[in-house]
Structure formats: C-alpha cells, structure tokens
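Below you'll find a set of structures to go through.
Below, chain A partners chain B and then partners chain C, in two separate complexes.
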Partner chain A sequence: MLKRLTIILSLLLVVLGCTREQNYNEKVLNLISPQKIKGFDPIYAADMYASNEIGKVYEGLLEFHYLKRPYVLTPNLAESMPEVSKDGLTYTFKIKKGVVFQDSKVFPNGKGRELKASDFVYSIQRMADPKLQSTGWWLLDGKIAGLNEWRDKYASAEKVNYDEEISGLKALDTHTLQFKLVKPVPQFLYALAMTFTSAVAREVVEGYGQEFQNYPVGTGPFKLGYFDNSNRIVYEKNPTFRDKFYPTEGAPGDEERGFLADAGKKLPLVDKVIVNIIVESQPQWLNFQKGSADILGVPKDNFDQTVVNGKDLHPSMASKGIKLEMVNSLDTTYIAFNHEDPLFKNNIKLRQAMSLAYDRDEANKLFYNNTAKTAHSIIPPGISGHKADYKNPYVAFNVEQAKKVLAEAGYPDGKGLPELSYETVGSTVARQMGEFFVKKMADIGVKVKISTNTWPELVKKTNTKAAQLFGMAWGADYPDAENFFGLLYGPNEAPGSNSSNYKNAEMDKLFKQSTIMQDSPERTALYEQMYVMAADQVPWIYGMHRTAVTVLHGWLKNYKYIEFTQTQIQYLNVDLESKKVLVNKL
Partner chain B sequence: MTNYIIRRLLYLIPVVLGVGLIIFILFNVVAGDPAPLLLGKHATPQQVHELREQLGLNKPLYMQYFDVVRSSFTFDFGRSWATRQEIFEMIKIGAWPSLTLTIPAFFLSTVISILLALVVAFYRGKGIDLFIRFLCIAGMSISSVAYILFFQYFFAYKLGWFEISGYEPQFPDFFSYVALPGIIWIVLSLGPDVRFFRTVILDEIYQDYVRTARAKGLGEIKVLLKHVLRNAMIPIITYVVIQIPFLILGALLLESFFSIPGLGGITLNALNSSDFPVIKAMAVLSSIAYILFSLLTDILYTVADPRVKLK
Partner chain C sequence: MSSQDTRSLWADAFSRLVKDRWALISLLVVVTYALVALMATLGIGMPDWRSSLGIEYLAPSGEFWFGTDLFGRDVFAKVIHGTKIAMSVGLITSLIAIPIGVVIGALAGYFGGWVDDIISWFITTFSSIPNIMLLISITLIMGKGLLSVYLALGMTGWVGLARLIRGEVMKHKEREYVQAASALGGGHYRKLFVHILPNVTHLVIINTSLQFQTAIKSEVILSYLGLGVQGEPSWGTMIDDARMELARGVWWQLAGATLAMFIIVLAFNILGDALRDALDPKLKGK
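This part shows the complex of A and B:
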C-alpha cells in the first residue's frame, strides 16, 4: 500500500514538475489579454482587445503608419490612398492584386481565393445589416449614399438581400472600389482603417453560418491556430500572406531607437503569437517577471516596483534588460454632470465651483501614480484642436475660489443644495475615486453620496438620463477631435455618446460646421474655439489625460507605442539570441 | 422509495418555474438593458430599439416569461447575447476546467477535514485539539484573496513549483495548472470543515452507545471509526453532498486569479453584461442540480442509517 502511494505521489510530482519549456527554435511572441475575446467577427470589434485579435487575421483598406507620428493613414489592402473627387464625396480605391484569403475548407479545394473589391462591398453591407447590429454601424450611419435606405428597407424584413445594388457602394471592377458619400465626411477614411471594415469573404460567412466568429479566415499576417475565448489564442504565421514589408521610414528619432533595424523585411517578423487571457493583475505581473509574457501594461499596484523618479525604470528591472515606455494615451477622464438635471443645466456657477474644488494633482498621485496630465478641456494632447498653452481657469484647485463661486451660484457653503448622487461601478478603484470626489466636494459644503452599480446598471442609468453625476473616460476611436466633440453634441444625447446630455446651440453649430471640413488650418482654428468653449462652459469636471506605462523584455524588438493597435503585432520581432541570455537573468 | 423519488423529481417543475420567475423579475427590475451594453458606446436609439426587438425584449412580459419557461424545460438556451456562442457549448467547455479543479480539491478537503476532526475529537480538550482549533480559526480570519496572492507569488513565482496561471484541458496536463488552486481550496476549506465535523463527532462521542462500546473493551480508534463516524454520517452527508451542485459553478476567485476558463468566469461575465440567456441557463441548471443532489442526500441517509425510510 505504502509502495503504491509512493509511486502515485512520485508520478504526481513529475506531472506537476512539467512546466513549459522555452523554445528557441522559432520566434514566438507571448502576449497577455486582460479581457476575454468574444469572437472574430470584424463587425463587432468594438473594444480594443477584440480589435487586436481580429486585426491579426483580418485586414482593412487602410491602416495607421506604424512609426510615423502624428498618426497618418497609409494603404493596407488598398494599392494606394484613394482618389477623392473635388467635392469630397467620391472615394475611389484600387485594391492590391494577388492578395488571397487564408486557406479554408469553404473555398474550392480548400485554397483561399483572391481578394476582390466586391468583398469590401459585402463587408460594409454586413456592418449595415439590421439583423446583425454591428457595433461599428455609427461609423457609416448616414454617410454612404443609399446605405441607410438599404438598411431601413430590410429592418423588418425576414431576410436581407446582399445582391441589391447600393448607389454609394460599388465594386467598379475586380480591383476597384468606389464609395459615394451623402456629404463630405473628413473622418471617413479613419473608418476604413478600423477593424470593423476589414474584408471578409461571403462564402466564409455563409459557410460557417453562426459559427463564423469562431473560424476567422482573413487575408492578414496570421492565421488562427487555437481559440479558447477565455483561456488562450494561438496564431501561426499565414503562409499565404502577401509581400508586405516593414516601413523604411518613421518619425524623427526612430532610427536611433532601433525602430528601423528591420526596415524592408517581409512581415510578419515572428512565427507564432500566443495570447493568454489573464484577467487579474498579479498573475499578469508574475508572468511578465518570469518571461512568460513579452510585454505588459504595468498594473497600478506594481508601478513603484517599476518606475523611479516618475519616469525612469527601476534599476532592478533595468538590470534584467527590461525596458520602459511611458506615452500619453489619447484619452480624457471626467466626471459628468447630467445636464437634464435643472440643478446643473441652469447653473454654470455651480458647475464651476465643483470643478474648482476638485484636486486633480492629488487625484493624479492617488490614482495614476502621478503620470497623468491635467485635462484642461476635452481634447487630449496629440490631437489637432488641443491647445497646449491654454489653462482652464476652473481646473486649478482653489477651495476659497470654489466657495465664492458656490455662493454666487446661490448655495453659500452648500446651503440649500440638495444632496447629490455620484454613480459609479463597484470596483475598488472606482469606489476610491468616488470617495475622493465626495471628500473634495464636502470641503466646500457640497454633500454627495456614492451610489455603486454594476456596469449594466450604470449604463442603464446614464442611458435613461437617471444618473446625476458619474465618472467616465473616453479613448479616441481615431485621431480626430470630432471623435471627442461628439460627446458634447446635443443630438448625440443619451442613449447616444453625449451621456451627460449637454446642449449648447453655439457648440452644436460649430460642431456641425467642423464635421464637413477637411483637415486644414481653418478646421484646427474652429476646433480650438470649441476647445476653449468646452472648457469655459464646464460641461464636465475634467479629470486627466492618462499615460500608458508599458514594460517589455529586451528581446522584444520594434515595440513602439501606438494608440490604434490592431495591426501592430506583425511589426514586432523577437531576438532569440538575446532572449536566451536575458531569460537567465529573470 | 420509488414513489418518494418520483415525487421529489416532480418538485423540479415548480422549482424550475419559480427560479425562472425570480430571475426573470430580477432581470427586468434590477439588471440593466442589455441592448446598449451589446451595442457599445456609440449605440443609436434606433439600434437599441431594433436590437431589443430582435432579442424579444419588446414582447409583452408574459410572453417573455413563457420563453423562459420553454427554454428551461427544453434545455434549449440558445446563444449568448454577449458572445454569440452556443450556451450549451459554453457550459460544456467551461464545466471541465471547473470540475478538474473543484472535484479533486473538494474530495481531498473533505477527507482531510474528517480525518483531522477525528484526531481533534480523539484528543479533545488536549493541546493538539486546541492547537488545530486555533489554526482553523486563525486560517478562517484571513481573506481568501490573501491566500491566493501569497500562494501564487510564493509557490508559483518564487519557488517555481507550479504554473503561475493558465490551463491545459488534456489529461494529465491540467494537473500542473489546478494543483496550486486546488491546494488553496483545501487550505481555505479546512477551517470551517474541521470545526463542523469536530462538533458533529463530539455530539456523538458522548452518546450512550459509545460508552457501551468502550465498556465492551473496544479501542478508542475502533470506537471512533466504526461507531462514532458511522453515526455522524447523516449531518456529514447533508453538509457534503449539498455542496456538490455548487462545484459545477466553479470557484470564481480561484478561476479568475489562475486564469482557469471555468464556469465561474462565464457566470460572472454574463452578470456583467446582462447576458440573460446565460444567467438563465446557469440558474436553471444549478437549481436542478441542487434538487437532484438533495434527493441523493436523502437516499444516502438510508444507506448510512438503515432505520431511515423514505416515504
């Protein structure tokens, strides 16, 4: 009996001891996704994590240049940038020839066929299909001639007819695609760089039916090897990927930083990508420390172990060859007033007083490790329309001034003001932010109570205009101020993206005017005017523009922070020789 | 007994109807509207309306409840609103990782706890009894998250004895992934389990029949194992078997920290995204499991104590 037990225990220890061996024969990129991936259908690529995974397999007409900053669009599946008519309404694309879909059983003989312009017509139609309810429909809503009509026609029909011609969306020949817009939309090209508009093949969609999302077949640099949406995703290099090369030019300083070392090399640069889904921050951090992940956004609680002097990598990490990247994100955090509430709608002084009482420096230290930048208005740095020299007078923390303005608002020391309600989600940090806000408001006599919600409850409250005050953050979908100003555009009120229900006739007029203007000094001037107006009117209590803090191992090459990450992975490289050395230092 | 089993199985009908009604009411009163959640931050009112129509949320409430009842009895739960995956497939895939973690851990923790309870009962009132009870109470006073964070850091990262996180579904690969969370499960269970089993055993140990057994000259170990333990089985069975349905739901925190793709995470995601079909499936299936295992408990009573008759 004892002998048998010993054998069992020995076997168990052998099994437990079998940890994964490092493989230095192929270039494998090990990544972490902090969120489960819902599936691989491009029309639902609403969040960054889904978009990153879908972007490994599928491709769009355009992409953001991997190295150049400010962000510029560059052709991806398009042969070149489109020909745009003088009135700005017609966009004609030439599609690259010889691009093939990955091999799949749905194609004759299992061999992927060539990409055609009609694949884009079909893919865009899917985004508009009322039966599918794409999360990216907002990008095209009211923009392409005939598309809304097509959508509305089939909204209550049994079946949608994809063969029906749409006047503004045509494949002129096998490799020519034409869009006709109903009005000039300068942001239209950004939509064509987003994962939503990636090319899918109709026979794949129809062949897999409802399981299409689990069997991605794109033209991209990687093909899916293994997919468990809550555990791990494995990609292999796509053997039929076209000749696409690493850029030969970048932003100033890129060459010195080694970002052009692989210039001109065929993409992708790694053989395999493994994405582990790890939700909690401790295992993310430990996996990175052990070398099981090549790159990681630094969890808040590990910041002090990583960064010293607010900007330098901790020596203990630097000695292991780890590198640090700290780059401003294109986002804005804020506490929204519900402008449907008469308390805020008609009382700018009250909004100003509350904004003055909010201590952003302390919030920065407490919640962002002092890495964020104070938001003076709605547009983050890096997007045209942001005025770096502008100082919002209601952003400077000043309790005395806040009390004075509160008295002018009709509530001296908060007297007469009913208790306000701050809606937040139940996570620890969100509640801490709420407590901080309550404390700062109490300092001027404004009483606020915290109401915690699940995320669905909070969304319900904001969508039904039932939330009085609530904390939010907005990240850029594309690098254009329009994407931010839309949050203050009256017609976008809840359940639209203007969840604070702010309405300002002048702002609306300027916004409408700017949306049809091409990128130009005139439009930038208009954006700057709106930027100042959005600050003066205090529609929100502006918070921060956050900083992305990322660590990466020394063997990972070509990592340059990019806000729009969907096509990034193909440019990354792994130096196996340095990995062999550096792994031993961990 | 057959009549009793049939009657208990028939109880499933009102239970499933009741559970369906409760989650339906909670979903409609408390939970958020799933349509804007599913459509994302740029949802238009028209899209919200259309999606609600497609999901059947614009139907009269009684018709929506009828759909709940129908799917509960046919087990056709359809697809998840959030992930668009087949719900049965999701449950099938998620159940294996959950069960590979929870069943061995539950079995071992129960066996170890009963053995420890017998030891402390044997040495009742002595140093070892006090020491183990002290450890139990001390162990229960520490948050489960603290155990997880420490064990993961120390045993997986520092000592490298286990994988930090992840999961391989193949046998025996999964052992190296579930071993550490399994050990944490056992450590977390020992405190409450040992205290409960000790109380149950001590309740028996002062009974007349135990004194009679000792008077007949039986050794203390034999008395404990053959007489006391057997007679303590009724509360032990109740305590143990009724926990089994919840094993299927997985161990939420352990699954989350060790990235085990089990049912705990699926349920939590469903709650966070107002994914009613998944919530409904998990609630209905776990209530059915609860009824079946409570029936099993009753049947096991008759095995443990032949005097018990099911009528």
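This part shows the complex of A and C:
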C-alpha cells in the first residue's frame, strides 16, 4: 500500500514539475486584470476593464498612435483619415479592403466574411438602439443626423428596425462610410477610436442572441480562446488577422528606448495572451514576483519595496531585470453624490461640508504613497482647461469649517441626517478607502455605512441610479476636457457617463457651447470657466489625479505608457531568450 | 451517609468543574472576554477604536500594546472592539440556534413516525449544503452587515444540536420515569417539556459552548471574505488588512486578532470538554 502511495506521489510530483516548467516555444503574454468583466459587447465597454478586453478582439475605425506623443489619431480599420467637408459636417471614410471577421460557426462554412462599411452602420445603430441601453450612447447623442430620431421612433415600439435608412449614417458602397453631423463636433473622431464604436457583424449578434457577449467575433488581433469571467481569459493570435504592422516612427527618444526595435513587423507580436483576474493586490504582487505576470501596477503596500527616493527602482528589483515606469495618468478620482437623491440635489452646503471634511493629503499618503496630486476640480493636469494655479476652497481639509457648513446645511453635528450608504467594490484596498471616508465623515457627525459589491454589481447600481455615494475614478477616453465635463452634463445622466446624475442649467449651457468650438484660446477660456464652476458647485468630493506606478519584467518589450490602453496589447512583445535567463533570477 | 449523595447533578458537576484547573482558567477567560465585551458595548472604560493617534503603523510598545494600524488607530482598541463583535455573534447566534435545535430535535425524537421523517429529511437536506456556501448565500440575500451574520449563523447553527437532542429524546421517552408520567396521566407536553427536556439540558449546555466558538470562527471567516461586519473592526477584517500589511513588515494586527481569537476558541473548547465530563451522569460521584 505504501509503495503504491509513493508511486502516486511521485507521479503527482512529475505532473506538478511539468506544469511549473515554462514553455519557451511560444510567446505568451501574462497579464492581470483586477476586476471581472461581464462580457464582450462593445456597446457596454464603459469601464476600462471591459474596454481593455473587448479591444483585443474588436476594432474601430481609428486608434491612438501607439508611440507618438502628444496623442494623435491614426487609421485602424479605416484606410486613411477621413475626408471632411468644408463645413465640418460630413466625414467620409474609406475602409480597408480584405479585412475579415474571425472564423465562427455563424458564417457560411464557418469562414469569417469580409468587413463592409455597412457593419459600421449596424454597430453604431446598436449603440443608439433604445432597447439595448448602451452605456456609450452619450458619446454620439445629438451628433449624427437622423440617429436621435431613429432612436426616439423605436423607443416604445416592439421591435427596432435596423434596415431603416438614417440620413447621417450611410454606407455609400461596400467600403465607403459616411457620417453627417448635425453640428460641428471637434471630438467626433475620438469617438471612433473608442471601443464602443467597434465593428460587430450582424450575423454574429443575431446568431448568438443572448449569448453574444460570451462569443466575441471581431476583426481584431486576438480571438477569444477561453473565458471564465471570474478567473481567467485566454486569447490566441487571430490567424486571419490582416497585415497590420508595428509603427516605424515614434516620439523623440523612442528609438533610444528600444521602442522601434520591432518597427515594420507584423502584428500582433505574441502568440497568446493570458489575463488572470485577480482582485486582491497581494496575490497580484506575488504573481508578478514569481514571473507569472509580465506587468503590474504596484500595490500601495509594496511601494516601499519597489520605489526608493520617490522615483527610482529599488536595487533588489533592478538586479532582477525589472523596470519601473512612473507616469502621471490623465485621471481624476472622486466620491460621487447621486444627485437624484434629494439630500444632495438641493443642498450644496452638505456637499461642501463633506468635501471639507475629507483629508486628501492623508489619503494621498495612505493610498498613493504621496505620488498623487490633489484634484481641485474635474480636469487633470495635461489636458487644456486645467488651471494649475486654481485652489478649490472646499478641497482644503478643515474640520471646523466643515462642521460650520454642515450646520448651515441644516444638520448641526449631523443631527437629522440619515445614515448614508457608500458603495464600493470588495477588495481590501477599496474597503480601506471606504473606512477612511467613513472615519472622516464621522469626525463631523455624518454617518456613513459601507456597502461592498463586485465591479459588475457596482456598475449596474450606478447605471440604474441606485447608488447613493460611490468611489470612482475617471480616466480620459481622449485628450480633451469635453470628455470630463461630459460627466457633469445633465443629458448624459445614467446609464451615460454622468453617473452622478448631476444637473445644472448653467453648466449644461456652457458645455453645449463648448462642444461645437474648435480647439482655440476661446475654448480653453470657456473650459477654465467651467473648471472653476465644477469646483464651486462641489458635484463630487474630488480626490486625486493619480500617478501610474508600474513595474515590468525585463523580457517584456515595447511597453510604452499609453493612456488609452484598448489597442496596446498587440504592440507588446516577449523576448523569450532574456526570459529564460531572467526567470532564474527571480 | 456522606453528604455527596444528597448533592444534585448540577452541584456535583460544578464541584468537579472547579477541581479541573484548566477548566477553571478557561471559564475565567470566557468570563473576562464577556466582561470586556459588555463594557465595550456599554462604553465603559474601553479605548475608542475610532480615534486616530495620527501615526500609522507604529510597532507595539508600552503605550500601544499591539501597535497602530494604517489610519494610526490603536490595534488593541480594535481587538477589544473585535471581542465585542465576536462575543455578541456567539451569544446571539446561540440564542437563535439553540431554541430551534432543541425544539425541532425534541419534536422529532418524541413523536417519531412521520413527524420524525419530515424533520429528519429537513435536517439531512440542510446539513448536506456546505456550511460556508449557505452562509455566503444568506448574507448575499439579506445584504451584508452584522444583522445578517447573526441570522445566517443562527439559522445554520442548530443542525448538530437538533440531531443530538433527537437521539437523546428517543432514548429517554422509553425510560421508566417517562412511562410513570404517562401512567399518572401526563400529556405529551408535560412528558416532553417537564420530564424529558430537563434530563437532556446538559447536552444543551455543552453544545452552547461549542456553538459559541464555531460562531466566532465563522464570523471571522465571513468578515475576512468581506461578507461580515461592515465599516467597523472585527478580527476577520483585521486579518484581511494584515494580509497586505505583512509585505510592509507590519505583523501586529495579524498577531493581535489571531491571538485574541485563539485564546477564546481554545478556552471554549477546553470548557466544552470539561463540561461534558462534569455533566456526565456516569461519572457522578467519582
């Protein structure tokens, strides 16, 4: 018996030994995503986690150039940048020829068919479909001729007719797509670089029905191999991917940093991408440490082990070939009030009091290791409209003042104010941030309880206006202040980007005025005016503009920080030779 | 005639219990924890876990026995608050689980037949669901928070006791004293609640002590998983915090919570054992 047991044990060891062995025959990229996603439907790609996954399989007309800075748009599925009419209202795109959808059983013989201009018409109609409630509709709302009318017409109808012609959204022939806008919209092209507007095939959507979000079939560099929404997602190189090549020019300095080593090579550069969904930061860190993740945002508790002098990589990590990237992100963190709630809607004093009681310096120290900047208003530095010299009076931490304002709000020492509910996600750090908020509010007598959710649950609550207070961060979708001010624009209310449902007639008026202006000193002046207004009105408790602190292993090549990450993965490469050497040092 | 023979089972059990040094120490530990919890609930003489000392991650010292946490709060004060939570969970879940277990078990054992069939089926089905899964689903349905923890643990904790009582009541209902009660015209209610139940009470007491520590452990697990206590410290959330803090070399929050839990769980186990010995009628007088 004992003998048999030892045989079983030794077999087990052999099996374990095999799985530990790295496979150096194919290039595999190992990534970590901190939140699970619901599925792969581009029209719901509202959060970064979903957008990053969907962007591996689906593609849009345009993308941000991977290397050039400042960020510029470059054609992706479009043959070239569009022809724009003199009045700035008509955009005509030529679409690349020979692009095919990934093979799928919904196509005849299982072979993916060629992408046509009409696929974009269909995909954009889906965004506007009143039955589908896309979380990206705010992006196109009121911009394309005939699209709002189409949406309204079918709002209460039983079935939406996709075959009806829309005057501003037409396929002129199989490879020509034309948009007609109702007004000049300078940010319009940015919308076409976002995951929301990716091309989906009608056969796939209709063929899979309810299951569509689990069976993505795009034109993109990777195809989905395995999807378990709470553990891991595996992608394989798309064998029918078109000829798309690594850029041959970049920003100054890119050559020296080795970002052009793969110039002109066919994309994607790796054979397989494995995304492990790990919510907690400690296992994320351990996975990075043993080389099971190629890249990671440094968890707050591991900052001191990673960074010395506030900017340099710790020698013990540098000796393992690990590299450090610290870049200011174009983002703003905040705690949002739900303005549908009468408590906050008509009580600016209450909002001011809560903002005054929140200690941002302390939060910066505790959660960001002092790498973040205090947010005085909605626009992060690096986007025009941000006023570097402006100090928001309600962002300064002042308990006495907060108490005074709270009394003026009608709740002296919090008396009469019901217990508030703060919605967050269920990771340790999120809970600690919640506890910090609860504690700061308790100091002025405002009682708050924490309610934890999974990420999809939280998204659902904000989309249905069911969250009272919630912690969020908004990262730029494109480098324009309009993307941020849209978060406070009334008509963008949930399920749009204005998830705090803030409404202010004056703000809406200025916003509308700014959206039709081209980038100019006048527009920047208007943005600055809105910036100050967004500070004064305290629609949210502003938090931070963060710095992304990222570590990557030496074998990961071509990693350049990009704010708009949805198309990044195809440009990354793995150096198997150096991985063989470096793995042994870990 | 020696005086021993006139002592009741309870007096005898008590005298045996106090002779067992470890049992006595355990009893003292339990009483101390209960007192601490009571004082913390009433807000008498216990440090306030909310107040920040301003300096985060201070190592344990004479001033702060268990150091401070990331918000500069006294970890000792958090342990005390955790004690309050743990003891309240133990107490309230026992108060919920024990009456359910006793009544259901007694009914099944006493009446037998189809009543027993139905109840046994229910008990078997209920106990076939993995406990932690059941706890998680109950907290998810009722929303997270302390109240859910009480109810979830209370609603799941009665199964073992019900089985035990059922078997014991079956044994007792055939005994002479019950037959005598029948002969004197005692009804079901009288036989079950006046005659049989007092004779199985010792099982309830032993079980309470074990139920108490199981509830404490379950609360820690639920809170560790983020499903338990929200917005206030518990040993479970402290251990959850500590998981990441260990990377910084901050071990005191883990040590404080684990130590506090270890001592009380150990004490309840020893006490449970000692109670079983003390209340065993077969050992009476030995």
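Going forward, the second predicted complex is superposed on the first by the 383 of 586 C-alpha atoms of A that agree within 3 Å, B and C clash if a C-alpha of one lies under 4 Å from a C-alpha of the other, contacts with A are read in each partner's own complex, and residues count from 1 in each chain.
As a convention for this text, contacts are C-beta pairs under 8 Å (C-beta built on N, C-alpha and C of every residue); 3 or more make two chains touch, one makes a residue touch a chain.
Owing to the predicted nature of the structure, the values given are computational and were not obtained by experimental measurement.
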item	value
Partner, of chain C and chain B, that touches more residues belonging to chain A	B
Which superposed partner A:83 touches (first chain B, second chain C, both, neither)	neither
Which superposed partner A:434 touches (first chain B, second chain C, both, neither)	second
Partner chain in contact with A:361 - chain B first, chain C second, else both or neither	neither
Partner chain in contact with A:282 - chain B first, chain C second, else both or neither	both
Which of chain B and chain C A:213 touches, first, second, both or neither	first
Contacts of A:231 with chain B and chain C, given as first, second, both or neither	first
Touching both chain C and chain B, counted on chain A across the two superposed complexes	280, 282
Residues of chain A touching chain B in the complex	12, 15-20, 36, 38-39, 41, 44, 46-47, 130-131, 133, 135, 137-139, 141, 155, 210, 213-214, 228-232, 276-280, 282-283, 286-287, 289-290, 292, 454-460, 463, 495-497
In the complex with chain C, residue positions of chain A that touch it	280-282, 285, 299, 301-302, 304-305, 366, 426, 428-429, 431-432, 434-436, 438-439, 442, 448-452
Chain A partner contacts - residues on chain C that touch it in the complex	50, 52, 56, 70-71, 143-145, 226, 230-231, 237, 240-241, 243-245, 247-248
Footprint of chain A on chain B - complex, ascending	30-34, 36-45, 47-48, 50-51, 54, 79, 82-86, 93-94, 97, 149, 152-153, 156-157, 160-167, 172-173, 175-176, 179, 256-259, 261, 265-266, 269, 271-274
